[in-house]
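The block underneath contains the structure these notes are about, expressed in structure tokens.
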């Protein structure tokens, strides 16, 4: 096989129906190809798989040069953080419908075979690192492939904050919060809030205000290498929280400073050779097909 | 003077009140500084100026290494096409309120003096070139600093078209039309249609559907080097038209193919040394000032 | 038959595929039921139907107490003006997918039978009357079941106008135009422009600005009995036009005054007894079905 | 005095700067007019006022036939619940800028005098009552003048729910939540979420989805007498909460049923005789003034 991918790590989450079946089908498909396969520890535990090498997330790169995730976009999002830290590319097999991140249907495992033979596309997707510093506290950090959201934790829900880009003052806002999304995340939570779609090849971040008090607020797209700073008003009457990729993480009381910048190490996303971003868009957003001969 | 700008061309449009007065103030300000000044032909005609060298647009670069425009953003937009063709930088003096493109107020002509002394910022703003090819016709071309809009010319107003990016099919749409805007144009017509703000440093184009029939349509931001193609359905029951920067230009009947790409030669926009894009945004969009100490 | 509908008028447009076939099926279905059937003149001409009584639009009410329209929502919209003038209720049979106005599929003609037996709902839908008065000209009038749109006819496309409600000044706007929609029209063109959905039972009109220059513009819903007046600025540099239900009608140069009010005579729309407005919404807008047991 | 308002109750909140000063000015203005004045208990406590009769909220109607609120829209919103329960009209004096609910500036107390002389408008504004029933629990109830919001209390923030109107199924949604706003509330939180403006005279409720997962979701305006029911999915992985007018109130775990209906007793809002709703809109939303002679 003319491929860099000889050793495969497998990852799946248990909540989703059909994951175990697809994982087993994949193993049955891969073993005859002579692949070395290992299963991530929590996946193995949850699915009670004992007949293959089991490995912790932190050691995946020792045993695998490709991580295959079985599940939806949420599962791939979850696994992405491990893949980035372990510097191994990731491929997603979707349970059910096509995802933005998980391209391969369980009924098309031969696409995995093609990829292992070297027929694939690889795409860098950048992450955002959020650093939070608060008066009198050690700073905290987290990463997001989709978005960093600054949101209220309780009523009253309005937050007052200032935005700076590369240390230049942009504006102050009264809003429920703000979302800073990568191109990858532009079709996720940010889009529900009225943000535009950013092509994945763009080096850009979109800032989407959440329920802004002023009608003049608009999503703003800034260069991906910009440093975005959000200062929570010291007079804030509530304690907002910062969430990366939908997971709760850090309380950010009044006076907190949140700095966002692009993480140097990107996620490497593997696609079938005939992958089309626009086809995924059309499928997910029910966009119009070709006028003359459909698709 | 340590400046590349020794010879100044002047441009103004007559519709706007106060343009003649500001032009005269500017001349009175510049002459004692020892500048060589010339006036663009139509400007001189309209304002009946006869005591300074007069020059046609096509020859501006022979006599000027800086074009100063007096008027609003519309006037600068108009002059920009000449400035790009003549490859000379342009500076805008606004009559009235601050513009996105015209930074200097007529009450602050000393900022022009500072610029001539070499204290300035220069910024590249790219244009879009639209090429239209129709069955059995010579192709036509036009340029836009703000946006290319494909719009209906008559009722029924719905247009059916396909979008391709780098020859890859994106989607078909039933809509009143579509706007393709540069970062410069993102705060103009495209914003009225719900498009996001693109920072001027971004190398990106935003496509904004106009009154799309499908609720799933969204603005999409693509790399600035992408080639965007729009195919008007051959079955189109109406003859749409293509407009660059709000000027009517080209009829595009069913079967027309419109190709958009970045014009190689950018506009060079001159700003005062303390220019801030965000300050212009705050001023034009009434965005919130600093929370603690205003601005 | 315990029904007010014994004499049926038929109306169809020829552009739409399958209309003739469905019309014939409907006739074959209705004749054995003992209905008196007549065909509208243009429909008969276009479809070359000669074996049934033919009648002009203006005389429909002499021969029919129900008008059945075969086609899409556009056909019903077209026929609605005749139905209102002739004061006869209208029922729509859709070719293809469910419409907002045309509830019955050609495969479910038994629903027509049920209606003729007296099992139906009848719903009033109001129209808007637009009166245009221009300096030195006789006033003109037109009606709209969906919406009255004030739009540019040529470049430059921006219109400047003032809005009054019940003679009280509301605001001035710079925009491409404005849409005034009935609840019936709220799911048509107005929705493409970002307007809300108005339940058909609401006595309300929604005003939707088109590409407003100010970001603060928002759709506004006003009482259905309000008189809405739009004054085109006397300084208007363009001649906008007024369009009712997507048909071109009246040029409205600078200084024109457009007055909108509810037409006293409503359209009577006939539905099957189990008709649900929300089901039509779900079907047309792909809204979510019941969580537990689908639909 | 030809007025129904002889006995005035005063209400102010302490957080807002200038409330005490305006309250004192108002008292100084009212006493010479021969008014009977009483001060609401908490207001008196907070502002340390001891020289006027003090009365609890629950007994306001015994001593007052008009409640004057000093503060912003938030203060009036707060006082409105008391005014409705006590069935006395309410008048708002704004500290600072014009509000939607508080029409009178502290520099224009003579408008209060005019009102007491009988020159005023009175307007009914309806409230929404939200009833929550949960399996195995007593039902709970709360009222909102602006809006009832169903929102997440914690991550993951997505809620799954069904909407019914008059027991007819409308749709299911995956969203952060939903806002049901009165016309009064349509210019408050609901507008931040993209909802339309509803004229206060409309008998209508607008439902605005919050960060809906589907791009096809739209605000929907339904008759004010409709009963709106929201069923939280029994499988909900989070415990949302229901908030009336921005105050936290009721936990609504999976399986909860929320029923919204118009409260029979409206708020009576008193305005100066020359009050204009549209003037308030123009002022708050920076809408365009008259084209020819400004305003």
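Letters are used for the chains, namely A, B, C and D, taken in the order the chains are written, and counting of residues starts over at 1 for each.
By definition in this document, contacts are C-beta pairs under 8 Å (C-beta built on N, C-alpha and C of every residue); 3 or more make two chains touch, one makes a residue touch a chain.
A quick note: this is a predicted structure, and the numbers were derived from the prediction, not measured.
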item: Comparison of C-D and B-D by number of C-beta pairs in contact, larger one; value: C-D
item: Duplicate of the A-B contact set - from A-C, C-D or A-D, the pair where over half of the pairs recur; value: C-D
item: Distance from chain D to chain B - Cα centre to Cα centre, in angstrom; value: 45
item: Distance between chain centroids, defined by C-alpha means - chain B, chain C (Å); value: 40
item: Cα-centroid distance, chain C relative to chain D, in whole angstrom; value: 36
item: Chain A: positions in contact with at least two other chains; value: 191, 215-216, 218, 285-286
item: Overall pattern in which the protein chains touch one another (line/ring/star/complete/other); value: complete
item: Of chain B, residues touching chain A in the complex; value: 160, 162, 165, 168-174, 191, 195-199, 201-202, 204, 206, 214, 216-223, 226, 233, 235, 276, 278, 281-282, 285-292, 295
item: Touch list for chain D against partner chain A, complex; value: 151, 154-157, 175-176, 189, 191-194, 210-213, 215, 243, 246-248, 285
item: Parts of chain C lying in touch with chain A, wherever the complex brings them together; value: 215-216, 218, 286
